[in-house]
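In the two complexes below, subunit A is the common chain; its partner is subunit B in one and subunit C in the other.
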Partner chain A sequence: MNIKMVRFNSRVSYTLLSLVASFTVCGILLLIVGYNPLSVYGIVAEGSLGSSYSIMKSLAKATPLIFTGLSVFFADQAGLFNIGAEGQLLIGGITSGIFAYYFSTIGLPPFVSIILCLTLSFIAGAVWGFIPGFLKAYYGANEFIVSMMLNYVAQYLCEYLVTYPFRGPGVTAKTNEIPASYQLPRFVDVSQLNLGFVLGILAVVAVFLFFRYTVSGRRIRTMGRNNVAAVISGVNVRKETIIVFLISGGIAALAGSTEVLGVHGFYINDLSPGYGFDGIAVSVLAQGNSFGVLIASLLFGALRSGGSRLDLRSEVPSEFIIVLQAAVVVFIATPRLIDMLKIRRRGSSKKKEAIDG
Partner chain B sequence: MADTILSMLGSTLRISLPIILCALGGMFSERCGILNIGMEGIMLLGALFGAIGSYVSGNAYVGLLFAIVLGAVIGLMHAFLTIKCHTNQIIDGVAINLLGDGLSILLLDLVWGNKGKSTEVAGFATLDSIIHDIPVISDLFGSLNILFLMMIILVIASYFYVFRTPWGLRLRVIGDKPEAADSMGINVERSQMLYVMVGAILAAIAGAALSIGSIRYFSKGMVAGRGYMALAALVFGMWHPILIFLSGLFFGFIQALQINLQVYDFPVQFIQMIPYVITIVMLVLTSKNNKGPKNTGKPYIRGIRE
Partner chain C sequence: MKKLFVILAIVLICIGMPLFAGGSGEKTSGGNRIAVMYGVGGLGDQSFNDNINNAIIAAQETLDFEYDYVEPTAVSEFETFLREFALSGDYTLIISAGSDSADALNKVAGEFPEQYFVLLDSASAQDNVISVTFKDNESTFLAGYVAALSSETGCIGVIGAMDIDVINGFIAGWEAGARYADPDIEILRMYCGGFQDPVTAKEMALQMYARGADIIMGAAGGSGLGIFQAAEETGNYAVGVDSNQNPLKPATIMMSAVRNFKPVIYSILSDSFDGNVETGLRNVGIAEGAVECTFDGSEVQVDQSIKDALVTIEGEVREGKISVPSAL
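Up next is the complex of A and B:
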């Protein structure tokens, strides 16, 4: 086995161990508060993988996570942190909701309309992402706080747009229903799984190729790995920071766009039950690997779709899944925790510590 | 008019209390070099545990104790992970916020069988009963409670601690140059663990001030970004207790203004946006020439040179 394979294998086994540890810790938590963890996990597994319908549901739930995860991942490659995916998603969603309906009223061909909507959403999200990027690059404003505040601003802005100027008919505030032919086509009528999933995979491939084969991608990665080296080799860090936030915001907006165009057919308040924050967990789990984003999204999508069954079939609220995500983030981000477990198991703690110093 | 202004100033004081307490906690954490983005989640869980303690005992002080214990536990967790295991401080903070989101609803459902909101629980008595005969004073301070007095004492005590005692000097050295602190014989890791826990406890008390201090119930997501606002107040207050107090008052005032503006016939969403937009503006205005503790965000590893 060559060295790359060894590294890859240890990465995979480490990830699996982290996942097992997270499920165990959360299982213990369930036991403490008086639930049976095995039956809870059983319901989640059945709800996410039990039938072809639930598998499709898991893939559908994974779709927005691919985009938000990819968005956070993209910024992470530059050593930046985009916690604003949630707001960018909403902005992308409302853009698609408004324009798809408008394009259908002026009789644009559906195919053109869908492409235009995706593009416009990307641009709108990029503009939303531009704000923290610009403020970070030129004013040194902490991008977490700015992005987080912008999430709230986006939420209220979209709430205003959908409540007053662009409200469609009906009791609940939502935009006009987009005609079926102007929506992203579904694979099967009964499932929410739609073309957005394929777009997500394409986006992952595109980001992979971007970082692997383009100069710009290389520059961004250099910046993420060693800021000083990047500056010395002539990277304009300010400019790159803004570019990264533009693209990252645009990708996150596609999550909202595909949700509106593919799942709902209109924009509605509470479009996202925290997909933007799931994106952070996805990016952490991906550990710097573009295709890891895809796999992590599938896992968290499955958990989300299985978790929604908890509300129906058990006493445990579906929000348990968020706790599980938090545990996964902690274990993946803390290699030392797993090392400690391993050392215990081998019973050679002293030797190992002596080597580590 | 005068009544409106008085009541607005009164609500400014009430609303700024949790922001100031949380920012003060953030100050201890960041001054010793450890970022804690998880303030929002700690506040949320502090609010919940405050309500639970108050609910099971019927006594708000027990609720406060619950919140303090919760803060200490989460603080210890964050400290252990970031200081001993060198977990990325931001990512661990994000994990704490996720934990807060999920666990608060899980426990809310477990205790009250409702995923939205708890029943009414015992809260702290307001000062109104003592001072309601004094006209202006009662309007200003009537809706406040013992936690507000505690906060004032804490702000002043923190100022003296950080800038006038040897321990405070050591704290500042740890945040700026941990190697120097280490060579002075200070146990850097142990001090950091302690201050991170203090910070988390203050954030948890800030959360309890929301649930059992003013409205006497817990509701889902009730912190609504105040933890992040506190972090902004910390930057705006230049990691200095007195300035944090003043910037916290300012953020409280903006919130009070926002609530008072809602009566006008204007889309409420734009008014609700105000505090968040102002936070961004303040951050932009103060960030450029404002450098906090120099070594915040990086783990201190003995013997490694930059």
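Up next is the complex of A and C:
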């Protein structure tokens, strides 16, 4: 076993331990409140994995999280914080909603329309991401705060657009319905799972390849590890900061775009129940690994999907899932807690390492 | 080794406790069962959603049925929840609360023609849907009438959740009532953008009070709580809607334009459980006892002469002598 492998293994075992710890802690919470944690987890599992419909639902719920998680992850690799995924998602969503309908009215071929919409959404999200990136690069503005505040700007801008100029028929504020052939195809009629999920996986692979094999990706990683070292070795940090935010914003926008083109068929006010913020948790859980984003999204998607079953089939409110997600993030983000649990194991694993190495 | 024991003990407790406690969270099924999908504000809004919940719980005292509900966090989730309710096939009725669920409901109701749905607060053309709409404009007409006569500044305000038909019905009644009492009254109008945003609503209310309004009505679900706070802080008055919100801040909330869900919900449930589902629209107002303007629980002094005038006006609205506009 080489050292890299050991590092990877310890990271995986560490993440798994965090998950077990958070499920245990939340189980104890449930006990204190007076519920049977096993039956509650059973309901969650049934709601997320119990039937082919629920599995598809979990995957569908995971789709936007893959994109928003990847967006936050991308910025994180450069040592930057993109809290604006939520706003970028909305901007991407409304762009797709407006253009997909427009393209269908002028009779563009559906395939071309879908590709154009995804591209335009990516660009719109990139523009939204450009603002914090640019302000950070040239004026030293805190990207955390700027990107977060832009969420509100995006939210109200989209609300205006969908309530007045681009409002479609119906009582709800939403855009005109996009004809079915101009939507991302679904795999099965009843499930909201659509081609967006595959696009999400492709995006994960693309980001993985970008960081592993391109010079730009290497530069961005260097910047994230040690900003000063990056400057000294000749990385143009300003330029890279802007590039990172352009791409990060674009990826987040694809979450909105696939929701609009694949799930709803229109942009609806209040499009996201916090996918952008869940993306932050996904990125934390991913532990610096692109494929970790995929796995973390699947986990959170499954939890979300199981959570709605909780509402229906038990007295436990679905908000419990939020507690559970938060516990996961807390355990992952505070390594010391897990280290305390692992102290005993470390001695033995060190010995092993010496032998294997 | 000690730590290992602790962990083991915790795991054992987790598995063992429920055997003794027996506190399973699972519900049992059987007989009639209804599902309710609440509006985005969720339960605890002291308004629309709580009102429906109370009506259902009240109905449970005399009718025998199980009651499941969900509280979606975004409008975009409505369709999924409704479809899941329908797919399960467990429910006699699926109740969808709030006009913003109308589009999702129409879509899902079309997919499941055998399933009966109830749509509260909006009309649906589907054959398998019972729609209930309230003539809120009648109760807000009365509230606007009282507000205009009670205002000392000659300026009142209204904060709506969104620029949509249902909310504008509330506002239309309020403005018409105020103008009926005083054609020269100045009426400020704003939309706070959502049913669960008391912070924005409070800011808007503070602005309105600063601009001279002294009585503001909120037609914004849970956001209305922000208006009450603003009124309390500035020493002005507010008007509640949907449920009787007067007791929340008795010294600040002058009156409430109330919807009474109990008779409507009860009759729908008991008819349906008896097998007589009557789909179609039920548009209910003052004449049906479904809406009213109430001072109960408020400590704000309203002139007796105004209250007397209100009784007359109420009678005229009931008899249709005054026709209240339902849209702006």
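Criterion: the second predicted complex is superposed on the first by the 343 of 357 C-alpha atoms of A that agree within 3 Å, B and C clash if a C-alpha of one lies under 4 Å from a C-alpha of the other, contacts with A are read in each partner's own complex, and residues count from 1 in each chain.
FYI, a contact is a pair of C-beta atoms (placed from the backbone, for glycine too) under 8 Å apart; a residue touches a chain by one contact, two chains touch by 3 or more.
Everything numeric in this text was worked out from a predicted model, so none of it was measured.
Contact with both subunit B and subunit C is seen for A:G274 once the two complexes are overlaid on the shared chain. Touch criterion met: A:T163 reaches subunit B and subunit C at once.
Contacts of A:V215 after superposition on the shared chain: neither subunit B nor subunit C is touched. Contacts of A:P37 after superposition: subunit C is touched, whereas subunit B is not reached. When the two structures are aligned on the shared chain, A:V228 is found in touch with neither subunit B nor subunit C. Once the two complexes are overlaid on the shared chain, A:Y152 sits against subunit B while remaining clear of subunit C. Applying the stated contact rule after C-alpha superposition, one finds that A:I106 touches neither subunit B nor subunit C. In the superposed model, A:L312 makes contact with subunit C only, not with subunit B. Within subunit A, the residues touching subunit B in one complex and subunit C in the other are 34, 156, 159, 163-164, 274, 316-317.
Subunit B makes touch with subunit A in their complex at residues 37, 81, 84-88, 90-92, 94-99, 101-103, 105-107, 109-110, 115, 224-225, 228, 231-232, 235, 267, 269-270, 272-273, 276-277, 279-280, 283-284, 287-288. Per the touch definition, subunit A reaches subunit B in the complex via residues 33-34, 81, 83, 131, 135, 139-142, 144-146, 148-150, 152-153, 156-157, 159-160, 163-164, 274, 277, 280-281, 284, 316-317, 319-327, 329-330, 333-334, 336-337. Those residues of subunit A whose C-beta lies close enough to touch subunit C in the complex are 24, 27-28, 30-31, 34-40, 43, 53, 57, 156, 159, 163-164, 170-174, 190, 192, 259, 263-264, 268-274, 308, 311-318, 340-341, 343-344. Every residue of subunit C that touches subunit A in the complex is listed here, in rising order: 1, 3-4, 7, 10-11, 13-15, 17-18, 21, 23-27, 35, 40, 68-77, 79-81, 83-85, 87-88, 99-104, 122, 162-166, 193-194.
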